[in-house]
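Below, subunit A partners subunit B and then partners subunit C, in two separate complexes.
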Partner chain A sequence: RYVRQLQRLQLLFSPTAADARGARQFVEEAALDFARRHPDVVLYVSPRSGWAPLLLAEYLNGTVREELIAGKTSEEIAQLATKLAGQSGLDIVRIRKPFHTDNPSVQGQWHPLTNKPSALTIQGPRLQPQ
Partner chain B sequence: MVLLSAPRWLRSRLTDRFWRVQEVLKYARHFRGRKNRCYKLAVRSVRRAFVKSTKARREKKRFLRALWITRIEAASLEHGLKYSAFISNLLKSQVELNRKMIADLAIYEPKTFKSLAALAQRRRQEGFLAALGDGKEPEGIFSRIVHHY
Partner chain C sequence: VAKTSLTSPPWPEVELPDPVEEAKYHAEVVQKVNKMIATGQYGRLFAVVHFASKQWKITSEDLIMMDNVLEAECGDRIRMEKVLLVGADDFTLVGRPLLGKDLVRVEATVIEKTESWPKINMHFWKRHNYQRKKIIVNPQTVLRINTIEIFPCLS
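And then the complex of A and B:
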């Protein structure tokens, strides 16, 4: 069963600033649709004046992602919100290898003495037990 | 005549300079010398670093293949085979493992690698018999080819 990794989405914008116009339009028009389409994400809308408009996304593993939405239109903010809703909270870095094992060796990892004869693998003439 | 251009120039000042400089310097932080602090030197070094990393992606494939070949050669010499004999006889016995997998097997699965080396050795002997024995002996078992179509 699919568990959405996005916990909550906080929309912080100023009620009067000019760059928060897209955020205000989003709240008026598209925020309810977004909330209905994603019922497992909690959407908080908090106006705060004097700050740049932000979209804060918090994930189940604790990562918090802040996205500036200053000067964006309502559709762009909706697209951004759906993109964040589809992400997991893992860091966006280059994955070095697409595979990982905790037990890489089943037969025992090679060491310089693996293929060398030992006293147990007697190679000389047969030793008689005395 | 009113001079309008001077006050118009002075009205727009660059306020972002710090962040524009930091965007470049953040990639130069682990460099040696003044290149990790001074913007003018860092710009050149960062650009060269990016160009080198782009070009090196093609070299990485060659380098890794050479590394695998070295490792397979060392491992097969432990079992008394040379790399050329090992690889050619494995291919003739229809074992289509690439060098990366054979190198990983040699490191993490030494017994499997020993059996692969034994297989290659046996196929080699059968090849010699087929070439030098002149027909009267039965054909080798490991020289049989399986068609998958």
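And then the complex of A and C:
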């Protein structure tokens, strides 16, 4: 069971500005394909004039990511959209370990006294014979 | 010849057991382990898997991240071959170097395909007016190990 972490994608562009040409082409051609390929992502397309073209991505844990799409071609916007769809809403910060386990030890964690004979069975030149 | 302090090595001499008895003992142990696997008496299983040029020690339900791009889409189930070791609470199965595919089955799902944090790659020489700055972003994939299963067909 896999749940996609992307909730909605809001595409905000203006119908007249020159830098939103790629966004308009994407909406005309590739937006339907993208929506069909990712059926669990809601895609909102809202034209508004006077604002820079933006691609807003909201994730299930509440983080909102804005990406400027001014001056990009429709293929680049499609690639961006697929990349955002594959991400989760966690911050992109340096992660210290590339693995995470809830149960790190199965056979018991090693401590310096494992695999050593106990003091009753030890034989050495120092212990006196009893 | 007289015995000095250097005639025999300082560690205690170990006598190897009879090969016939050893073979019987091995067969007994294998039977016991087979019975345990068949009845399902093991609890949590861990495995050592060679993946993306690294060896990972994995259990079920844990996360792994690679610094590359896999050809699978988000949400695909992946079966990992190249299992080197499988262990449970009471026994371990060691492969030489790999275990058979009909013995172990490790399944994982691709959860996320993101990019890493932007790393800065800068060269600077002082007094030479030379500096180059480059921001490197690597694609990463996050996998979650779903299950590790073993099947009782030892020999």
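Here, the second predicted complex is superposed on the first by the 97 of 130 C-alpha atoms of A that agree within 3 Å, B and C clash if a C-alpha of one lies under 4 Å from a C-alpha of the other, contacts with A are read in each partner's own complex, and residues count from 1 in each chain.
The definition used in the following text is that a residue touches a chain if its C-beta (ideal position, glycine included) is under 8 Å from a C-beta of that chain, and two chains touch if they have at least 3 such contacts.
For clarity, every value in this text was computed on a predicted model and none was experimentally measured.
Enquirer: Between subunit B and subunit C, point out the one touching more subunit A residues.
Expert: The partner with more contacted residues on subunit A is C.
Enquirer: Which of the two partners, first being subunit B and second being subunit C, lies in contact with A:2: first, second, both, or neither?
Expert: second
Enquirer: Should A:115 be classified as contacting the first partner (subunit B), the second (subunit C), both, or neither?
Expert: Only subunit B; A:115 stays clear of subunit C.
Enquirer: With both complexes superposed on chain A, which partner does A:83 reach: first (subunit B), second (subunit C), both or neither?
Expert: Touch status of A:83: second partner only.
Enquirer: Quick check on the superposed pair: does A:46 touch subunit B, subunit C, both, or neither? Answer first, second, both or neither.
Expert: Once the two structures are laid over each other on A, A:46 reaches no partner at all.
Enquirer: Is A:107 contacted by the first partner subunit B, the second partner subunit C, both or neither?
Expert: A:107 sits against subunit B and subunit C alike.
Enquirer: Using the superposition on chain A described above, determine whether A:92 touches subunit B (first), subunit C (second), both, or neither.
Expert: A:92: touches subunit C, not subunit B.
Enquirer: Shared contact residues on subunit A for subunit B and subunit C?
Expert: Comparing the two interfaces on subunit A, one with subunit B and one with subunit C, the shared residues are 106-107.
Enquirer: Note which residues of subunit A are touching subunit C in the complex, please.
Expert: Listed in rising order, the residues are 2, 4-5, 83, 85-88, 92-95, 98-103, 106-107.
Enquirer: Can you list the subunit C residues touching subunit A in their complex?
Expert: Contact set of subunit C toward subunit A: 43-46, 56, 58-59, 61-67, 74-75, 87-89, 109, 111-118, 142.
Enquirer: Under the stated contact criterion, what part of subunit B meets subunit A in this complex?
Expert: Residues of subunit B touching subunit A: 75, 78-79, 106-112, 114.
Enquirer: Inside the complex, what are the residues of subunit A that reach subunit B?
Expert: 104-110, 114-115
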